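Here it is, the structure, as C-alpha cells.
Which chain is which? They are A, B, C and D, in the order written, and residues in each are numbered from 1.
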Amino acid sequence: MAIEHDAAETIFDENDVVTTDDVPLLEVEGLTTSFKTEAGRLVAVDDIDFTVDSGETVCIVGESGSGKTVATESVTQLIKQPPGTIGGTVRFKGQDLMDLTEKQLRSIRGNEIAHIFQNPQEAMNHCYTVGWQITEAIQIHEDVSKKVARARGVDLLDRVGIDNASARFDDYPHEFSGGQKQRIMIAMALVGNPDLLLADEPTTALDVTVQAQILRLLNDLQEEFGMGILFVTHDLGVVAEIADRVIVMYSGKIMESADVFEIFERPAHPYTQALMKCLPERGGDQRGGIPGRLPNPTNPPDGCRFAARCEHATEDCEVGEQPPQIEIAPDHHVSCIYYGEGYDSSVVRDAELEAANAPETEANR
Amino acid sequence: MPRRISSKGNHASGINRREWLGMLGVGSTMALAGCLGGDDDDDDGDGDDDGEDAPEAGADEPDPLDLSQDPPEVSGEYHATQASSFDTINPIYNTEAGAGTAIGYALDQGYTFDFDNEVVPLLFEDIYTEDEGETWVIEFRDNLEFSDPYGQYTAEDYVYYVQEIHQSDTFPSANSPDWAGVEIEQTGELEAVATPPNPNIIWPETFAPLEYPIPKELLEPYVDAEDSEGLQQDEELLDLSFNGNLGPYNLEEWIRDGGTQYSRNDEYYLRDLADEYPMFGEAPYFETAQIEIIEEESSRIAAIETGETDNVPLPPDRGEQFIEDEDTMVVLEPTPFNTILSVNMRDNGWTAGPGNLFRVKEFRQALAAAIDKFEYIEGIANGFADPHYTWQPEFSEWFPGTDDLTLWGNPEEGVYGEEARDLVEEALDQIDEDYSYDGDVLVGPDDNQVELEIYYNAASDTQELAVDFYNNQLEQNIGITLDTNAIDGTTFSENYWSADPEGGTDTIDGEEVEWDAPTPNNPGPRSVTPDEEWDMATIFGLNTYPRNPLTNDVFFEGPNSSYNPVGYYPEFDAEGIIQNMRNAGTRDELRDAAAELFANLNEEQPYIMISFGDDIEAYNPAVRGPVPEFSNGWDFPAWHKDE
Amino acid sequence: MATQKPTKFDQVDWDNLTGSGRFKISINMKLLLVTGVPVLLLGLYDHFLVGDREATFVRLGEDLGLSSQFEALGLDFNPTSVDILFVFTIFLFLWYLVLPLYQNMRMTKYYWKEFKRNRPAVISLIWLTIIFVGGVLGPFFVAMPEQDLFAAYQPPVFGSIDQVHVNQCVGEISDGRCQGTWEYPLGTTRGGQDVLAMVIHGMTVTMQIAFITTMIVAAIGITFGTVSAYAGGWVDEIMMRFVDIVLSFPTLLFFLLILYIYGAGLGMFILVFGLFGWGATARYVRSKALSVSEEEFVKATKISGAGTYRIVRRHVVPNTASSIITQLTLIIPGFLLAEAQLAFLGIGDTAVPTWGQAISSGRNAIDFAPWIVLVPGMALFLTILAFNFLGDAILDALNPEAEAESEK
Amino acid sequence: MGLARYVAARTIWAALVSFIIVTVTFLLLALAPNPSISQAATQAALEGGDPATAVEQQEQLRGLDQPLYVRYMDFVQGVYTLEWGWSQNRAQPVTEALWQGIYYTAQYSIPWTILTLIIGPLVGLYSAANMYSWKDHLATGFAFFGWAIPNFFFGIILLVIFGVWLQWFPIQYDTSVPVFSLANAHQLFLPVFVLVTGSIGAVMRVSRNESAEFQNADFMKTAKAKGVSPTRAYAYHVMRPTMVPLSTTIVSQLLVIFLGSSLLIEIVFGIPGLGRVTFDALINQDTNLVLGATLLFTFIAVIGNLIEDLVFTIMDPRISFDDR
C-alpha cells in the first residue's frame, strides 16, 4: 500500500542516535510546562514522567484543567512559546526533542509524531477542502507532485472509511459529519506513517456510536502500523476500551499510573477512585462529579494537590511537595502518602470499587 | 465673448464686462480688495496713526518693455497659475476672464490699449471715425491667415460673424447686446464700416468692436442648420485649431480642471510689425506656455515660492511677504472693480423698523463717513487698495480729482466719526418715523437698538472680515449694529438681488416716472421687491468702467437703468448728465460731463463706496514685461525671460 | 471551558429596575418629562412666538412679567433651536444613560473595572469629558471670538511669526519676528480672533453634532430596526430593501447637493446627517433584535402572552441597548469628519465656529501661521480618536469576544 | 448555476437602486436655481439687453425650457442609451468629462487601493501575531492615527512640510507627466500616502481582530502539528479565513474613502480627477454632469457592494448562493 512508504523518515534517522529496542518510543522525564499570565506563572504540567512504547496505547485521564492536553502538546512543543515554557526532557526514539531546532521539530511533527484533536469541527480550516488539507500535510514532508499527493490522500481517506473518497476529496469540511471529520483528521495524521500518535480526546465531541467506530478504527490502525498512541481522555469508559496503560493526572501532576487492568481492579489513589465513582455504569455515587474545585494553578497548594478534595486528607497531606511516586505493584505507581512508610494504605483503598471493577473490567476486555 | 485686450494672468485688467460678470457667479467675487498702483502715494492710509508697521507697499516696479529693442532669445516655458477652471474656451460662448486669457494666448483680437490707454491695433490695421463717432471704419491687416482650409481672415469673416451670430435670434450670444442696433457693412475685402445706434466718440473703448476671428466657413453649416447646440460643441472652436497665425501660441491641449498648454506659434502675424516694434520681430519668446489651474490657495502660493510657476495672483495678506521675498517680483495692478456696501432702498430693505433710512442721502453719507476707509485698507486689504470716493478709480482719465469730492470715511482730510453721527441726525430730521439717539445708540420706535442684516459671500474670507469690521465701525460711530449672515453668492443673486421684472410707476420729486423696460436687476420701482428681505450686502463689487464711463448709465439712470437692484433714485439730474455724455463730440466735453456725474455720485453714495483693490500679482523675477499698470499684459507676445 | 461571567448588562430585565407594572412610569421617564418637556416647550415658543431678532429669554421675561428678575439674573440668552435640542438631548443622555449606570451600581462597577484596564480609553474618556464640559459650559465663560483686525496672526505663546505677516504685534518683536503672548495663548486668526476661544466654541458645536445627530440616528434606526425585525415577512423585506437604498446613496455627494441647494446651516447639517445616517444603525439593531428575540427569556415572555410592543419596548430595546450604544459611539467620528470635510469645501455656515470652519479658514495661512489649522485640527483629530478608543473599549468591556466591526 | 442567478438578481436590484438614486438627484437639481441662468439675466441687464430673452436663450441652451416630465423622460432615455448629454461647464460630453476624471483618479486610486489591500491585512496579521507587544501597539497606533486624522488635514500638513518647506515633492500636480513615469510616481506619492494611511486603519483593525481569533483557532494547532511552518500557517491558515470577514468590510471601507476623501485629496493636491469634476459640476449646477457623476458613483457603489457580496460568498465555502 502506498501508505507504507517511509521516505521522510530518513531525515529523522540521520539524527537518530540510539535505535535499540530497549529504548522506549517516547520517554518523558520531568516535563514541566508553565505559562506566563497576568495573574502570575501558571504551571499546567508540573514535573511529570511517563513512557510510551511502540504499539502501546497509553491513556492520560483526568478532569478538565488537569493538564493532560498541555502534557501531550508539550511533547512536540505545540505549546506557544512564549507565553508557554517547556522544561524537562522528551526523548523520542532516544533523541531529546528539546534539543532540536524548530525546523527539525517541524520535520517530526505530522511525520513521525502525529496529532489528532478533540474537536474535528474546529480542527480543520473551514476555508479549504479536506483534500487540500491532506495534500498540504503530505507535501510539507515530501517533495511529491500534487497528483501523487492527491492519490495518496484519496487512499488514506479510503482507508479511514470515507465512502466515495475520490469524489469527496474536494469537499469542504462543513460538508462532512462530525465522525467523518474525525476520520479525515486521522487520515491526515497518518500521512507520514507516524510512529507515535498523540490523540487528544478525539472522541469527546462525537456521539457514542460514532465514538466506538473511531476507537475501533484507531485500534485497527495501531495494529496495522504498529504505532504508539498517547491518548488523552477524561472518559474512563474510553480508557477501558482502548488503553494498555493509564496515567491519572490531576492539577499538572501524575497521581497514579499503572496497567489498565491493574488500575481498574485496584485503583489506589483517592482521586482515581473518585473518578471511577463518577462512571455511571459503575454504580458511582458521584454522578454530579467530584465535589470541590481544582486548585488554583498559578498558586498550587503545598503537599498533595488533591488534598483539599480528598476525604482521607490529613495534615501531612498539606505540607511539602506532592508525595513521591510510590510503586505499590509492578509498574503501578501512586503519589499518595498513605502508601508511604508509616501510613496505613488500607485507609484509602476502596474495596467496594475494587470488587465492582474486577470482573466487569475483565468482561469488557 | 470676451474682448480680452491684454492677454495674461488671472487678473482683471483689460477685462471686459462680460468676463467680469462671469465673476458674479458662485463665490468668485472674493479678493476684490486691493488698491491703486504702488506708484501713487503709497500709504496714504497711514492717516490714523496706529503705529502699525504698515506695509510700505514697496512692490516691485519693473520698467515696461521697450519695444524698440531687438528681439530677445526664445527660451523655456511661461507658466501661469489660475485659481478657477473654465467653463468653455469656445471663443463664441466664453464669458469668463480666466478663459479669456486662455483663448487670448491663441487668438488675438482687433486692438488693445497700451499703458497710455491709446488704442494699439492688432488684427485691425486701424479703427477710426471721421464724423465724430457717427460711423467707424475698420481696416484689417492683410497678413492674417487661418489654418487650412480656411484661408485669410478678412472683413467678410468679421461681418458674417457679427451679423449671423450676434445679430441673429437663433444664436444666443453674450455679445448680442453690443451689436443691437449697430449697422455693419463690408466695404472692401479688408474694410468694414460700423454705424452705432448713437454717435460715440469712444466706441472702441466700449470693447464692442472686439471679436475673435472666426472663419466664416466654420460658422456657415451651423448657421444654415440653425444649430446653436452644435456650434457650442464644435470641436474646432473648442481646441482653437483654426487659429493659423492669429495668436502667439497654439493650443496643444485643454485639460478640464487642469488648465491649458500651448506651443509657440512660429508664424505669428505680429512679427510683420518688426519695423514699428522691433521687439515683436521674433515673437513670442517662450517655446511653450501653460496656464495651470490650482484651486487650493496655499498650493497656488507654494507654487510661486518653490519656483514651479512664473505667475500667481496673491491674496492681500500675502502681498507683503512676497514683496520682501527676493525670489519673487510683485506687481500691483489697479482694477476697475470696487468694494462697496450695498444698501437696500427698496420696500423690503431696512428691516430694523418702520421706514427706510437708506433712502435718505444723508444717511448713506453717514454710512460712508462712519467707515474708516484707511483702517479697512490697512486691516483687511493689507494696504493693497485705495480709497473709493466716487464711481471711478483714480487711474482713470475720467476721474475728476479729489478736490471737488467729499472724502467720506477719511479721518484726516474728510468726513469721519462724529461727523457721521451728525449726518445721521440730519437724516433723522427728514423722516417721519421715530428714530433717535439714546446716548450713543440709535434706537427705533420700539426703543430697541437698530440692528441691520448684512449678507456676505460665504466663500470670501475678505468679506467675512469686512462685515465684522463694518459692524464695529457702525456701532462705534453711529450706534447701529449689524447681524452678519454668510450666504452663497448664487442664492443671494437669485433671491435677494433680483426679482421678476414687473415694471410700474412711481412718483419721484413730484414727477411721474415709469419703468418701461424692467429687468430682474431693476424689476421696477421700490415697491417691486425680491423674495427675501435684506438690508445690506457686500456680496457684489461692480465695475466702474474706467475706459468708457458712459457705460455706467446701466447703474444710475434711475428707472431706465438696467441694473439697479438696490432701488436707487438719483436726486440729481442723472438722465440729463448722461445724455450730455452721450452727445459729447470731443473727449473734453465728455470729461466735463463725466466729472459732473461723478461729483454727484460722490454726494449721493448710491452704493456705499469703500475702496478699489489692486490685483497683487507675483511673478518670477526673471520674467520681463509685467508692470503695475491697468493695461499690464497688452504686450504679452514680447514677454520673455532673462537668462 | 468558558469563564464564568457575571450576568450581562444586556440581560438585565429592566422591568425590575425601573419599577415593574405596566402602567407605572419609570423614574427615568419622570425625570425626562420634568426636565425635557419645558425645554421642548421653550423650543416651540422660540420657534413660533419669538421673533427672529428677539433674544428668547428677554422675550420670555417680558411675557412672564419677570423682566426685571431675568435681567438681574443675567438671563438674556438667545438660544437657537439647535441649542435647545442639544439641551434636550443632554437630558435624554442623563436620564437614560448616566442614571441607569447609577441605578445599577454593581454592573457599573464591574464594567468600570473592565474598562479601566484600557488606558487609552480612560484617557479618551477624560478628553471627551473635557470637550463635553467645555462645550456645555465654555460659552458661558468665554465670549465668542471677536474680530480685531490689528491683532491678526498673533502667534501662540512661546511661538513667533515673521513680522511681515502681522500688522501690529501684541507681544515683543525680536529679530524681525513677532513673539506670542499670554493674551492669545493659542494665537489668533486672520481676523484677530482668539484661537483658544474658537476652539472652545467649537467644542459646543462638536458636542451638538455628536449628541443631536446621534439622537436622530438612534431614534430612526432603533425604531426602523426593531419594527423590521418584529414585523418580519414582507414588511421586513421591504424595510430592509429601503435601508439598502438609503445606504447606497453616494452620501457626500448628496450632502453636498442638498446643503448646497438648501443652505448649510448647522441645523440643516444635523438634519441631513440624521436623516441619511441611520441605515447602518437600523440594520445593526435589526440583527441584534432578531438575536435577542431568540433568547430564552424573551421567548418566555412571549409565551406568557405579552404584546409585541411590550416585548420590544421592555425587553428587546433595553437588552440591545449596550450594543447599540457602542455602535453609535463608533459612528460619531464619521459625522465630525463629514462636518469638517464640508466646511473645508466651503459648504457650511462660516458664522458657526466649528473646528472644520477654523481649519478651513486657516488653511491658506498654514505655511506661516500653522496654529490656526493645527490647533482645531488636533482637537478634531484627538476627538475622533477618543470616540474610537472609547467605542472599542466599551465594546471590549461589554463583550470581550465581540468583533470590532459591525457585521453585514 | 446558483451563482448566475444570484448575480442576475443582484444586478437587477443594483440597476433599480441606481435608478431611484439618480431620479432623486434629478429632482433635487430640478428644484435648485441655476446660477448660469441668473447670470445670463444679470449680464443682459448690464448690457442693456432684454434679460427675459437672455433667460430664455440660456434655458434653451441648457434644455431647461421644456416641462419637467419631458426632461425627465429624455434623461431616462439618455441614461440607457449612454447619451449622458453635454457638460455646460466643461464644454465636453459628460461621458468624456467623466472619463477624464477617471483617468486622473485612477492614477492614484489604483496604487492606493492595491497598497491598502496588501499592506492593511499584512499589518493586521503582523499585529495579531505579535499581539500586545510593542510592535502591535506601534502598528495599532499607526492604524488609529491614520484612521482618525482627517485626510485633508493630514494632506495639507504634509504638503506644507514636504512640499513647501523641504521641497521634496512638487506642490502642483502636473498633468503633462506620462502616467508610467518616475515623475508621476513622485507627484502622486503624497496623495497616495495620505489615502493609504487613512484607509489602512480600518482594514488593519478588522484583520487584526479577525486573525487574532483565527491564529488561536484549533486548525492552527492542527497545522502546527502537521509540521507547517509559522509563515506558511499565517499565510494560508490565518490569512485565508481572515479574508472572509475582511471582504465584507474592506469594500465598503474603500468605497467610503473613495467617495468621501478622494474629492478632498484632489482639491488639496490639485488633481483634476473625478472628485473635482463632480464637485465643480455641483457647484455650478451643471445638471447633466452632476447626474452623470451621481450615476457613476452610484454604479461604483452598487458594483462595489455586489463584488463585496460575491467575494464574501466565494470566500466562505460554508455559504451557498441558495441561502441568499
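The working rule: a residue touches a chain if its C-beta (ideal position, glycine included) is under 8 Å from a C-beta of that chain, and two chains touch if they have at least 3 such contacts.
Everything quoted here is computed from the prediction, not taken from an experiment.
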| item | value |
| --- | --- |
| Between C-D and B-C, the pair with more C-beta contacts | C-D |
| Centroid distance [mean C-alpha coordinates] between chain C and chain A, Å | 57 |
| CA centroid of chain B to CA centroid of chain C, Å | 46 |
| For chain A paired with chain B, centre-to-centre distance based on mean C-alpha positions, whole Å | 93 |
| Where chain C and chain D are represented by their mean Cα positions, the distance between them in whole Å | 27 |
| For chain C, residues that touch 2 or more chains besides their own | 260, 363, 366-367 |
| Residues of chain B whose C-beta touches two or more other chains | 27, 296, 298, 302, 305, 491 |
| Touching pairs among all chains present in the structure | A-D, B-C, B-D, C-D |
| Chain B to chain D touching residues, read off their complex | 17-18, 21-22, 24-27, 81, 85, 87-90, 93, 95, 172, 174, 176-178, 180, 228-229, 232-233, 238, 255-259, 261, 290, 292-296, 298-299, 302-303, 305-306, 308-309, 489-491, 493-495, 498, 501, 517, 519-522, 554, 562-563 |
| Of all residues in chain D, those that touch chain C in their complex | 13, 17-18, 20-21, 25, 28-29, 31-32, 144-145, 147-150, 152-153, 156-157, 160, 164-165, 202, 205-206, 209-210, 213, 245, 248-249, 259-261, 263-264, 267, 278-279, 282-283, 290, 293-294, 297-298, 301-302, 305, 312 |
| Complex contact set, residues of chain D against chain A | 217-219, 221-229, 236-237, 240-241, 244, 315-318 |
| Contact set on chain C toward chain D in their complex | 244-245, 248-254, 256-258, 260-261, 333, 337-338, 340-341, 344-345, 359, 363, 366-367, 370, 373-374, 377, 380-382, 384-385, 388-389, 403-405, 407-408 |
| Complex interface listing, chain A residues touching chain D | 73, 76, 78, 106-111, 114-115, 117-119, 122-129, 136-137, 140-141, 172, 174, 185, 188, 198 |
